[in-house]
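The structure under discussion is supplied below as structure tokens; questions concerning it will follow.
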Amino acid sequence: MTQTRAPMQDEERIARRAALELRPGMLVNLGIGLPTLVPQFLPADVDVLFHSENGFVGMGPALEDGTPDHDIIDAGGRACTIIKGGAFFDSLLSFAIVRGGHLDLAVLGAFEVSIKGDLANWKIPGRLTPGMGGGMELAQKANQVLVVTRHLDKKGRPKIVRECSLPLTARHCVDTVITERAVFRRRDGALALISVHPDHTIDSVLEGIEVPMRVIEPLQSWDQPPESPEGVGA
Amino acid sequence: MTQTRAPMQDEERIARRAALELRPGMLVNLGIGLPTLVPQFLPADVDVLFHSENGFVGMGPALEDGTPDHDIIDAGGRACTIIKGGAFFDSLLSFAIVRGGHLDLAVLGAFEVSIKGDLANWKIPGRLTPGMGGGMELAQKANQVLVVTRHLDKKGRPKIVRECSLPLTARHCVDTVITERAVFRRRDGALALISVHPDHTIDSVLEGIEVPMRVIEPLQSWDQPPESPEGVGA
Amino acid sequence: MIDRTVPIDAAVSRFIRSGSVIMVGGFGRGGVPFTILEHLADHADAFADLTLIKNDASEPHLGIGPLLRAGMVKKLIATHIGLNPEFIGQMNRGEVECELVPQGIFAERIRAGGAGIPALLTDIGVDTEAAAGKPSVRLDGETYLVERALRGDVALVCADRVDRTGNAWWRGSNRNMCVVMATACARVIVEGKQIVEAGAIQPEDVQLPGVFVDAVVQAQPRRHMRTEAPA
Amino acid sequence: MIDRTVPIDAAVSRFIRSGSVIMVGGFGRGGVPFTILEHLADHADAFADLTLIKNDASEPHLGIGPLLRAGMVKKLIATHIGLNPEFIGQMNRGEVECELVPQGIFAERIRAGGAGIPALLTDIGVDTEAAAGKPSVRLDGETYLVERALRGDVALVCADRVDRTGNAWWRGSNRNMCVVMATACARVIVEGKQIVEAGAIQPEDVQLPGVFVDAVVQAQPRRHMRTEAPA
């Protein structure tokens, strides 16, 4: 929940847009990295509860005076706080909350997302093996999964692909993808383009994506929040 | 842990003898009824910890002034206390303690015990169906199972039988049986007579038991405690 | 944080229907939501064909006893019914269905329901009536029963202390099945002996986090303390 | 009540051997038994072929990092190793075995080990590498993995407060895997930041009952606080 550095421009844009997806009453888990930038862009009146899989609900930002409390850390290991009404528990109950269907939204990073919503974000064989941590449970069992990611990987290829080439985290799990260029939502089993950032065009968004992508027109404006799903709220 | 009535002579004799089986450092669970009479006959210097399956370790006797605390009850529903160093928990952890092998001794009642140590104590079809409660876990998973029971049932038949006719609680689980007449221990897979109360003889103990019973001679004196098993202690 | 306190009739009418599968906390008298159960018994005509999941069958005049007596319950899943001879009579006459489950496995099946685990393996009850009708599997040369998860539509529990957002704390041996049941039901009503402000329970000491809770209602003195001794 | 406090060298020499399967509490730095781990690293010659079960691989200079670096470990079962590039290198070179498990299932398998449950069914990880080599079963038309219990010879955890009999309490997010690991090992050593008298922790608020605990040792200030920054 802290930010140790100012987000770069693209990341800030992604995090600002992602913050619109967090609706009042939601219980939300934030993955490591870019997802942790999201809460700072929430309006103060949006009452969202954050779940940290290492063992609490009610995660709050780091103390404003900068004094870290290392007994209250987020899943990325950074000191944060707990809000009034929050509760600590152990890893068992933490994942019972996830698998039991109580987590409304997981905000996760990605190496690759397939057009069908498969997610790969835990292993690049032979090169990078952070491990899945709690990512498989979050991807498979959160009621909604939001991926926030740079549009392109380090080699300049879109993160959205026909089929994931990397080991999967979970199949058919991603509901929404937000990049610095566009917003995609899974509709009828496949990701579709629903919004394009003003700096971009449909062409610049779809360039390099090697699978046909449905475009839902008219495109939504960049800052249009999602329709409130039914029954959200812990 | 409270006693609501003075035990009758036979019950007191059984409970006194059973108390010798509780060794320092043991974690012990007491079934409903006769087993709850045992602790009052423990010497004060024997440091035994009692487990109550409804959710705590460190069960102590009812308050001496008679003020019941109904928030601290034993598994039979009677108000008791918790000793310093005890801990409350929920039913899950309570039975994790049992199935996880931490319970040194369960003291249980019985309708029937077979010569091989099968126990029936939860159902008399069509007549009495209290339910098994936690009895199956206790019988199956306590490191030692001690049955305390009147020697004869209400029809005058010995409780020790060739095969249980009633629905089983668990097979091959009973290690020791103490009645007002005798002590039996399972040796090489079958109950054997090891001690006879001074009021009785081998003949009066074995009368009516319809299966051959090994007698381990010389018989132990009635008040001889068991050999300390290895590794007892939580 | 959401304030989940509501009047009892609002909570009951919103979450409970005829045919509901209801988990009821408590072991003996500890943790039993007496106020909600008395409310249900007072509206016996409104709720039929209930399935109750509770550790024990209470006593005839107490807890779920009046619901059983009034014929509101079609099935009880429990571990122990020995203190309710009336119910045993109903069961023996075939007027009500009763499934008896070993107590630790009862808790485990409910936990599985709450934790998104479809089933677990166990050797508890092998070779007994508790195994009847249950699939078994072989693993590493041993035979185990496959015990399926239990879930409910509504959990009713009584906590000693609950804050307005639903974080709850139990005293003594009152916790028993309450916490695990609250994880395993679509809706959860916590009856609080004492309702406190958010933050009043130290966050490390919360036994049930409010994210599992839908409604917090005020416990009332038990009926037999309010009026006469029960019939 | 038994006083379980002992000097650290007595606890370690009594319960830990070469070849031991050791569960180590902690997530990030919270709950990690740094004092015991530093003691083990200081006696690297005495302990070989260890199997460690820990949420994460720590950082190279911290926690289990020095044990991994010193080649004391033949296998690590973990959920996340991303902060220890040295270990990833060892693993990629085949110098050490590593089994990665989804975090919630990691906790469940340990719980099963502690709770006497041989295995549980889950759909977590179906159709992924996490399913490799695991048996699967069909139940109610769905495919589930059979996840087996994990048990250890010794659990090492750090609690914020522990009484002399082993009742333990964790502050903040330090609890994580500590409690469940302590239920799943033949022997348990609790390193206490603060050791208190029996009764000092309210019995309702005890997070790990002392019946699971074999030894209580005093946590020391971490090495990098005692001397220089780590290499």
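To keep things simple, chains are lettered A, B, C and D as they appear, and every chain counts its residues starting from 1.
The rule is short, and it goes like this: contacts are C-beta pairs under 8 Å (C-beta built on N, C-alpha and C of every residue); 3 or more make two chains touch, one makes a residue touch a chain.
As the structure is a prediction and not an experimental result, all values here were calculated from the model.
Hopping across touching chains, the smallest step count from subunit A to subunit B is 2. When the interfaces B-C and A-C are ranked by C-beta pairs in contact, the top one is B-C.
Inter-chain spacing, taken between the CA centroids of subunit C and subunit D, is 34 Å. Each chain gets one centre point, the mean of its Cα atoms, and the points for subunit A and subunit D are 29 Å apart.
Distance from the subunit A centre to the subunit C centre is 36 Å, each centre being the mean of its Cα atoms. In subunit D, the residues that touch at least two other chains are 108, 111, 115-117, 123, 170-172, 175, 204, 207.
Residue positions 56, 82, 88-89, 92, 95, 98-99, 141 of subunit B are each in touch with at least two other chains.
Working note: touching chain pairs come out as A-C, A-D, B-C, B-D, C-D.
Subunit D contributes residues 1-2, 111, 114-117, 163, 165, 167, 183-184, 198-199, 203-204, 206, 209-212 to its touches with subunit B in the complex. Every residue of subunit C that touches subunit B in the complex is listed here, in rising order: 27-30, 55-56, 78-83, 88, 91-92, 100, 102-105, 107-108, 111, 123-125, 127-130, 160, 170-180, 207. Interface residues of subunit D, counted against subunit C in their complex, comprise 108, 112, 115-123, 137, 139-140, 142, 144, 146, 148, 169-172, 175, 202, 204-205, 207.
Remark: subunit A residues 25, 27, 47, 49, 51, 56-58, 82-89, 92-93, 95-102, 141, 233-234 touch subunit C in the complex. Touching subunit D in their complex are the following residues of subunit A: 52-56, 69-73, 75-77, 82, 88-92, 94-95, 98-99, 123, 126, 128-137, 140-141, 167-171.
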